[in-house]
Amino acid sequence: MIRAAIVGATGYTGAELVRLLTRHREVELVGLTSRQYADQPYTTVYPHLSGQVDLNCQTQDIDAVTDAADVLFLALPHGLSVPWVAACVGKGKKVVDLGADFRLRRAAVYEQWYRVTHEAPELLAEAVYGLPELKRERIRTARIVANPGCYPTASLLSVAPLCGQGIVREDRLIIDAKSGASGAGRNANVGNLYGEVNENVKAYNVAKHRHNPEIEQEVAERAGLDPDAMAITFTPHLMPMTRGILATVYADLKEGLRPSAEEVRDLYRQFYANEPFIHVMDEGVWPQTKWSYGSNHAFIGLTVEGRTGRIIITTAIDNLVKGASGQAIQNMNLLFGLPETTGLEAAGIYP
Amino acid sequence: MIRAAIVGATGYTGAELVRLLTRHREVELVGLTSRQYADQPYTTVYPHLSGQVDLNCQTQDIDAVTDAADVLFLALPHGLSVPWVAACVGKGKKVVDLGADFRLRRAAVYEQWYRVTHEAPELLAEAVYGLPELKRERIRTARIVANPGCYPTASLLSVAPLCGQGIVREDRLIIDAKSGASGAGRNANVGNLYGEVNENVKAYNVAKHRHNPEIEQEVAERAGLDPDAMAITFTPHLMPMTRGILATVYADLKEGLRPSAEEVRDLYRQFYANEPFIHVMDEGVWPQTKWSYGSNHAFIGLTVEGRTGRIIITTAIDNLVKGASGQAIQNMNLLFGLPETTGLEAAGIYP
Amino acid sequence: MIRAAIVGATGYTGAELVRLLTRHREVELVGLTSRQYADQPYTTVYPHLSGQVDLNCQTQDIDAVTDAADVLFLALPHGLSVPWVAACVGKGKKVVDLGADFRLRRAAVYEQWYRVTHEAPELLAEAVYGLPELKRERIRTARIVANPGCYPTASLLSVAPLCGQGIVREDRLIIDAKSGASGAGRNANVGNLYGEVNENVKAYNVAKHRHNPEIEQEVAERAGLDPDAMAITFTPHLMPMTRGILATVYADLKEGLRPSAEEVRDLYRQFYANEPFIHVMDEGVWPQTKWSYGSNHAFIGLTVEGRTGRIIITTAIDNLVKGASGQAIQNMNLLFGLPETTGLEAAGIYP
Amino acid sequence: MIRAAIVGATGYTGAELVRLLTRHREVELVGLTSRQYADQPYTTVYPHLSGQVDLNCQTQDIDAVTDAADVLFLALPHGLSVPWVAACVGKGKKVVDLGADFRLRRAAVYEQWYRVTHEAPELLAEAVYGLPELKRERIRTARIVANPGCYPTASLLSVAPLCGQGIVREDRLIIDAKSGASGAGRNANVGNLYGEVNENVKAYNVAKHRHNPEIEQEVAERAGLDPDAMAITFTPHLMPMTRGILATVYADLKEGLRPSAEEVRDLYRQFYANEPFIHVMDEGVWPQTKWSYGSNHAFIGLTVEGRTGRIIITTAIDNLVKGASGQAIQNMNLLFGLPETTGLEAAGIYP
């Protein structure tokens, strides 16, 4: 059994890790840290897990937590992961960081968008960006996995098959993303109150969301482009729902190209042919976020708009599963040589 | 492997059976019938199950479907189950009927509330009311299991520990129930449109809901009362949510009795001590329907209101799982001698 | 023009007062106080009122605010109204208190349920409980109007026509109430986050909600009963919606009585015959909270359940309008001799 | 008093017209037609309007309805407006058509997108596209007003100030629009059930929505471009909410241009300087659909993304008010020489 600990276990991604790991047949949960709920039974914080887990929350003692586990899942606000990651590396433990600190390979870009100094830039080089569908082999041998952001997961799955194919302007993508409110975590602030989110839609952090450079970094890498020359627009919107992200991507076809929708769809189907979690839909079938509710599955729809010379792609995921905790477990499975779907087989819950 | 067929597979309870049975390690799905979608791949109707099931919908050929299966799940509107149940009995197959036709033991009561003639009253006697927490042993050896209604499941779990204890007036219960919209099924009618249900609450079928006699029948049986002398009020309400039932039950203490909340809670905890799906909460902790979202678990909260001489109990379930398809599988597990939790281990999905 | 000031103008009831008063043809808004947003334009806090109001929020200077106005609306947490009310009385200004401090006529009851000492019990005697349909004449000449709680408004409208008629046990009512999340105000706490409220229903404060004694006080008064002998059960539930309360009331018929539903309905229709805001529905028509969305209207449905000997009544209101700010304006209209519907004519918004 | 009739009064836009017109001080409602509910009191269909209107629904007798009214509002499915419009023209009555039949000036374009033959192409020339902020003067003297679609209203308000200014590529706009479910009307179909829409987001009619040519027509006109050379992408999405549209528009700056956000904002503020219903927000403030809930107001946010060379604009409206019935009344006010805001003064309802 793999002994796993979750650092920051009482946020929504922490709770989702607990839900999934308690049913993972190769994992034993050995630590759940929480500053706010230390020493309380985990199930008093999350009663829906009654009978699934009988650990108490514990304080965030880096050495004790790390020593007791084979792998750590870090579910912390940005800026707080470094000492944990350093401890894992030092003690030879695997670590999957669900936060943002190790996603951007260049400390300067991190500091520009997050406006804090990166405390361990020397570790960035060995962190692997944990999107298994794109970097499976590198993840298998990694020590540090930087679990992708929820929006980048949906965005990159949307465009990866096109990148470097000479079909679209990868540097000029427009990504209009819609997310449920759980993406903001379990933090008490007025903007996330029911009365403010319900029956309401808005854009936010327009032209300055921190997932923008993450998307550009990975698209540039796959497309073989200069990351500094990327001009991808990413606009997040808050939806009146709890879970789910739908990314709608607009990609301009290169001058003179007009592939058919079926040609493009074939490209996607080949690219994702062996992917257990990725489903490319038929023409005219557009993914619904609820199809992925509670599951690690992603659904991709696409068409070619000949009239305008654009490919339009929409991808639906559950932001807390494929966009966070499920993907983290998928990465853990790779790190430990398990079948990638272990513990993640469940379908979404519909309706 | 148990070969299972679902009759009426494209309604919401049918889809939920498919979701759960495709992950049940002892079951092979061999038939999915649908009049509306015959010959279409099941996953075109429910894409969230892509990769989980590759059957086509088939027509409702009673002999063919029954012959191919060891157990049938009937998810049909009331009045349509009889020929299927008769075929199962004739061919020695087990049947779990999720509809209403075999829940009421007296044909006259059925006919009074459902306003149709029962076509096979002779079969009623051997149907077992499939609430495993109350009738486990009888279910094990049944041929026909009448799966309880969603509201009766929540209501009966709320009051069973009190019945026959001499503490409350079982015949005078008031049950105020709140249900998500999926309880009405996937039928296109104006009253179930998003615009009509969202941001809206109403009572419906007040004083005449068909689950009322079902609740009275089972409470009377457990309490040793005359079913014709029951005067239980049951008021269903439609909530702006998809899944979940919360039953709020008001039970008058018998004259002169004032047990403490902890005494009553102990009664509940003893009653449900070995039940894997039932969770009795501490004083002051009131169940939330979302705790059970997508799961077979039920959560019970209660207190004694000394000032008024009443016990107040609330029970939360997922109407499509413990209230329908999950419970049907729990019954199937009993019918086939499997551990009762097989295929139903998952926790609810929160948030 | 009546000069009106709102104290605590940036909560939800404050915002609703602003929305309604800016369209009230006899009112000029002269003051909006807010500790949190002092000196900021009101429309930066509530942009939906852009173009409707151009005041800045101001600090809570009791003398200055009171001197400038003819009437004060107090939208403050309980315990904070006393100095404002005292100032109004001292300066001869009218005051409508939307908080709880002046609703309970007996300081001891207030202190028992609210667990704070009442600072001005001597003022309680002259506060009038501001439910116009029940106390219109007393309100006209009041100096202090205690605006009812949202739940008591729906509850009392449900049962007032029955009180003192010798038909039901007024002292044994059960009120099962369902409220939207805006009832909890615009306070940042985890329990009111979208992810916690959406797709979820729960009971809360069972057997100890502070609106319970308020309901008992008014029912006792109308029924001519001893307030200390009341045993009304009141159970509030949180709904996944922003606005609206539905109160479902269960009233036991007195021994031997079995009035017809139409007899009881006639009683209601006579009682509310001249009420512009109260609508008694036909048999079988059950109110929906959305009918009252954004309006001061209340909808009442009822039936007699002969089988159990109970009357069941449901009443739907908008908790922020008839349950708070609209009713406060209705009271103000009475205080100033205006037609009672002034500024409140609008219908609900549906769907 | 203007005598107004509504043809197709029991759909959602019809109900919204009734709600608004019953409070319009210059209008008397004289006819409400409905095939489905003929001879029934209107308030049995829409009880939220109890006390506001006492008409019965009537059959769709063109002559009788038209003779009795000064203005007709047509709220019919596309293809059904022609005989009503012809009757109005013949009898000298004004008509505001909320349907699609008179929005596209070229019958061939209508027939291409709607796949039906236009029955009266000769009337198209005199229909005025009723977006008052753009065509106020032409509307004043029109006989036929073609009320814009909900999506085009939000889209055109988003981009009108930029059109013809030489700043952006008007022909290459991308419009990603999000709409509440009421936009689909009160039609019973599975896709609009609560269980299908709630907690769910999807794109639909991608690259083929009928509002696309309407947007292109009006943008081309304002920008002085060839309508056949337009290549605007319009992607509608269904949101889990009842009301509201948010249009997110991406406009590429022309080669070499990099105006500041404030320069662009000034352009918008000048353009809409005297518009009572249009609110241009400050930098960093992004409109929320709920700000416009139930009201005729529109809120516009924008920024310039220098990094990519794009302007991003979001506009929020209530699809049933500014996107349909409110705008229709605004047009009626213009047709009859009334102040444009008459009957439309109310702010949105928040929260």
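Letters A, B, C and D name the chains as they come in the text, with residue numbers starting at 1 for each one.
In this section, a residue touches a chain if its C-beta (ideal position, glycine included) is under 8 Å from a C-beta of that chain, and two chains touch if they have at least 3 such contacts.
Chains and their UniProt names: A, B, C, D = N-acetyl-gamma-glutamyl-phosphate reductase.
Quick caveat, the model's predicted, so the values are computed rather than measured.
More contacting C-beta pairs link the chains of C-D than the other of the two pairs C-D and B-D. For subunit C, the chain with the farthest CA centroid is A. Centre-to-centre separation between subunit C and subunit D, using Cα means, comes to 37 Å.
Separation between the centroids of subunit B and subunit D, computed from CA atoms only, is 46 Å.
Multi-chain contact residues of subunit A (touching two or more other chains) are listed as 12, 182, 186, 195-196, 198-199, 240-243, 287-288, 290, 293, 351.
Interface residues of subunit D, counted against subunit A in their complex, comprise 172, 174, 176, 178, 180, 195-196, 198-204, 206-207, 231-233, 235, 237, 239-244, 246, 248, 250, 286-290, 293, 301, 303, 305, 307-310, 312, 314, 316, 351. Touching subunit D in their complex are the following residues of subunit C: 12, 15, 19, 22-23, 46-52, 182, 186, 198-199, 242-243, 276, 279, 281, 285, 287-288, 290-295, 297, 299, 345-351.
Subunit B contributes residues 12, 181-182, 186, 188-190, 192-199, 240-242 to its touches with subunit D in the complex.
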